[in-house]
Amino acid sequence: MLDKNGIAKRIAQEIQDGSYVNLGIGIPTLVANYIPEGFNVVLQSENGLLGMGPFPFDGEEDADLINAGKQTVTTLPGSAIFDSALSFGMIRSQKVGLTILGAMEVSENGDIANWKIPGKMVKGMGGAMDLVASAKNIIVAMQHVNKAGESKLLPKCSLPLTGVKCVKKIVTEMAVLDILPEGGFRLLERAPGVSVEEIKNATAGKLVVEGEVPEMKLS
Amino acid sequence: MINKTVKNAEEAIRDIENGMTLMLGGFGLCGIPENCINALVKKGVKELTCISNNAGVDDFGIGLMLQKRQLKKMIASYVGENAEFERQLLSGELEVELVPQGTLATRCMAAGYGMPAIFTPAGVGTEVAEGKEIRNFNGKDYLLEHAFDADFAIVKAWQGDTAGNLIYRSTARNFNPVMAMAGKITIAEVEHLVEPGELDPDQIHTPGIYVHRIFQGENYEKRIEQRTTRTKSEQHA
Amino acid sequence: MLDKNGIAKRIAQEIQDGSYVNLGIGIPTLVANYIPEGFNVVLQSENGLLGMGPFPFDGEEDADLINAGKQTVTTLPGSAIFDSALSFGMIRSQKVGLTILGAMEVSENGDIANWKIPGKMVKGMGGAMDLVASAKNIIVAMQHVNKAGESKLLPKCSLPLTGVKCVKKIVTEMAVLDILPEGGFRLLERAPGVSVEEIKNATAGKLVVEGEVPEMKLS
Amino acid sequence: MINKTVKNAEEAIRDIENGMTLMLGGFGLCGIPENCINALVKKGVKELTCISNNAGVDDFGIGLMLQKRQLKKMIASYVGENAEFERQLLSGELEVELVPQGTLATRCMAAGYGMPAIFTPAGVGTEVAEGKEIRNFNGKDYLLEHAFDADFAIVKAWQGDTAGNLIYRSTARNFNPVMAMAGKITIAEVEHLVEPGELDPDQIHTPGIYVHRIFQGENYEKRIEQRTTRTKSEQHA
């Protein structure tokens, strides 16, 4: 089983050199810590920042400089600031190639739900609906099962959707999976020490296992 | 140039009345028009429809107006930081329209650009699309979303001149420029009000033509919502 | 009869203090010279300039600073520069309240033609179609008759239209006229020394004369 | 940051081929990508569709490409300064689509904002509206106009950094920012190419994400089309 940092570490392997990436709140934010040294990857924050740098040093926080998670951040040499409309302009026009975000549920056809539990929780979708409707590549970082022990990889989402047929890949504490064009979660990699059987039991949606499934390599 | 200066927040919001629709700039607590919000709370104007990305926190920003029950309706994209908001929403006291963030920004921009509606893929296939026109362009579905129609837009900038030209600082820019363009009447509060000629024409973010009233705000708290830092020892992490 | 400067001078009386105005090429450009002292009027140039100043002094021309007529101009304290999309954004959203432009023909219902003579001249509409489709107030500055002696105030335009039912007022070398809501050119003022009869003869469209028509006052 | 630098105009346009659609920034001769235009003329690539507000003059700007018959089609708003253009048009050698200036700019912007189409009142009731969908919003008619689809956008900026961030100077900005956003591949030539960190993030007009190739141009002529001046004696006119 991976911890949150392990999930982030594995997802970081999906990031290509020379790419623009949007990281959602939670585990996705941690991915930034594992981008390979020497890679030129530019992080976009949808409130209006391209080239997001690390957190500021203690005492150097700037209330005017935050990311989409409302955290104080920094700029880097070559950063650019813009308004929220242009920010989603570059998202909608697919200049931001990869979006990594969390989810409450993912369905076997790539639907995602992550913004609302009717009658219980209404935080809002923020920029997630725009991101999943537009990005070429969408990777979900989440736990395989919820706190009640129920699978979050479902035949069909039960919660209100954030986007349809958009998720390309899922990384959980147990596995790496992608969504097959014809539907179904294809098991690509197992977390260290996790068996295919355990993943099967934790996956409510259709799981496709082709041949030997390798263990993740986390350097 | 045309002088847009008013004395203070009270004068700027003097004719905002019960039942009006207001846009309020800012993202989270970053770049919000603190002076005008405080003046609206003091004035006690009610039954407002507020368009803003977030609803502040319980004791700051739009949260202050929520506490005084000044809002009839909130149009926002993310309201997760505000318990009083969630309470009013779940109890039915507050009407809420949740809008994808990019759609929210673009519906503001559309108003400022004189475009009655825009197309966006955000929300296709979700409950956001309910009752909306869907149209396919080049094999992809888009929703038709309408420009906002706000009586007032209230924004916060870093620098402004008396002609209404505005310059924002860092990510406090966020929704402010698109809202500044979108109000029937636009009010700008700025940290530094200067004379025409002191701002470089090439660096203006919001041309003065969009701004009707401007004043220098005071006592900015600029509260930080998520103070995240690293220690010097992490420098080479 | 007025000369070009006379027309410009008369039109300048239509400009209100505290307004944003777009001036077209030709006679409209001259209007800037007659804006009353002390008036705060901001000129918008649709290539992307708000607060257009006078022509530069000899030797101080800047190739990067031109107006929509491609003339070298200057900025003023408080000017703002922006891109062409935002420029037409402020036009479309009616922030630019008054447009003054030339015309080849105007019809009695307020249609205007000024961009094309089929088979003969194709310069293009530039920003004129956007301006006439959006501005709240549109004033045409033109000669009453063309070089062939034919009236340019017509029952119906013969040339391809630039915009429909948009012209509010017309100032020519002979007269000031506005367009009645039900159609027709209403004669408001005569140029010094010009009779109602002469204006009638030069106007092919329906001319409405109500009572005594005063002579223009050009201070 | 991602380094977008190429050596020069020849390298920047290396893969522009016959029959492609190009956007070219500039208004009149102001802010045009002189280096790339010269390189395109030298390369002799043909059957091009060019989207640009104007068509240059006979011996400068896009006019140079017209003289060499490199254009199949021109999409522009105003072409009054170019006699060779008018000749090719009237003789039928050149296909021309005249587009209202605001529509031209907004169709570029739409591409950069990922919006497949926009609504504008410009051209309603005129021949520009022929064959186009008309839609009424709030009592006013608008035309549905589609986003442009260009293989390359070629723009000129004043300053740029190797990450592709651009700053324009004065009204040489014009169409450049909206075209920079709109190309499948965007090439920027700049007067001053600097290192990342030398440009203030708050002052960037075009964020580098939109720019694929950048180089420092040379020998800018920056020709003035209408040199208009006043004498010092007119100072107090």
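By letter and in written order, the chains are A, B, C and D; residue numbering begins at 1 in each of them.
Assume contacts are C-beta pairs under 8 Å (C-beta built on N, C-alpha and C of every residue); 3 or more make two chains touch, one makes a residue touch a chain.
Computed from a prediction, not measured in an experiment: that's the story for all the values here.
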Most widely separated chain from subunit A, with each centre as the mean of CA atoms: C
Centroid distance [mean C-alpha coordinates] between subunit D and subunit C, Å: 28
CA centroid of subunit B to CA centroid of subunit D, Å: 32
Distance between the centres, which are taken as Cα means, of subunit C and subunit A, whole angstrom: 56
Junction residues of subunit A - those touching two or more other chains: 75, 81-82, 85, 88-89, 91-92, 134
Contacts with two or more other chains, residues of subunit B listed in rising order: 106, 113-115, 120-121, 169-170, 173, 201-202
Chains that touch, pairwise: A-B, A-D, B-C, B-D, C-D
Interface residues, subunit D side, partner subunit C - complex: 27-31, 53, 76-81, 86, 89-90, 96, 98, 100-106, 108-109, 120-128, 158, 169-178, 205, 222-232, 234-235, 237
Contact footprint of subunit B on subunit C as seen in their complex: 18, 20, 40, 42, 44, 50-51, 75-82, 85-86, 88-96, 134
Interfacial residue positions of subunit C with respect to subunit D in the complex: 33, 45-49, 54-73, 75, 81-85, 87-89, 91-92, 111, 119, 122-130, 133-134, 160-165
Complex interface listing, subunit D residues touching subunit A: 1-3, 111-115, 161-163, 165, 181, 195-197, 201-202, 204, 207-210
Subunit B residues touching subunit D - in the complex, by the definition given at the top: 106, 113-121, 137-138, 140, 142, 146, 167-170, 173, 201-203
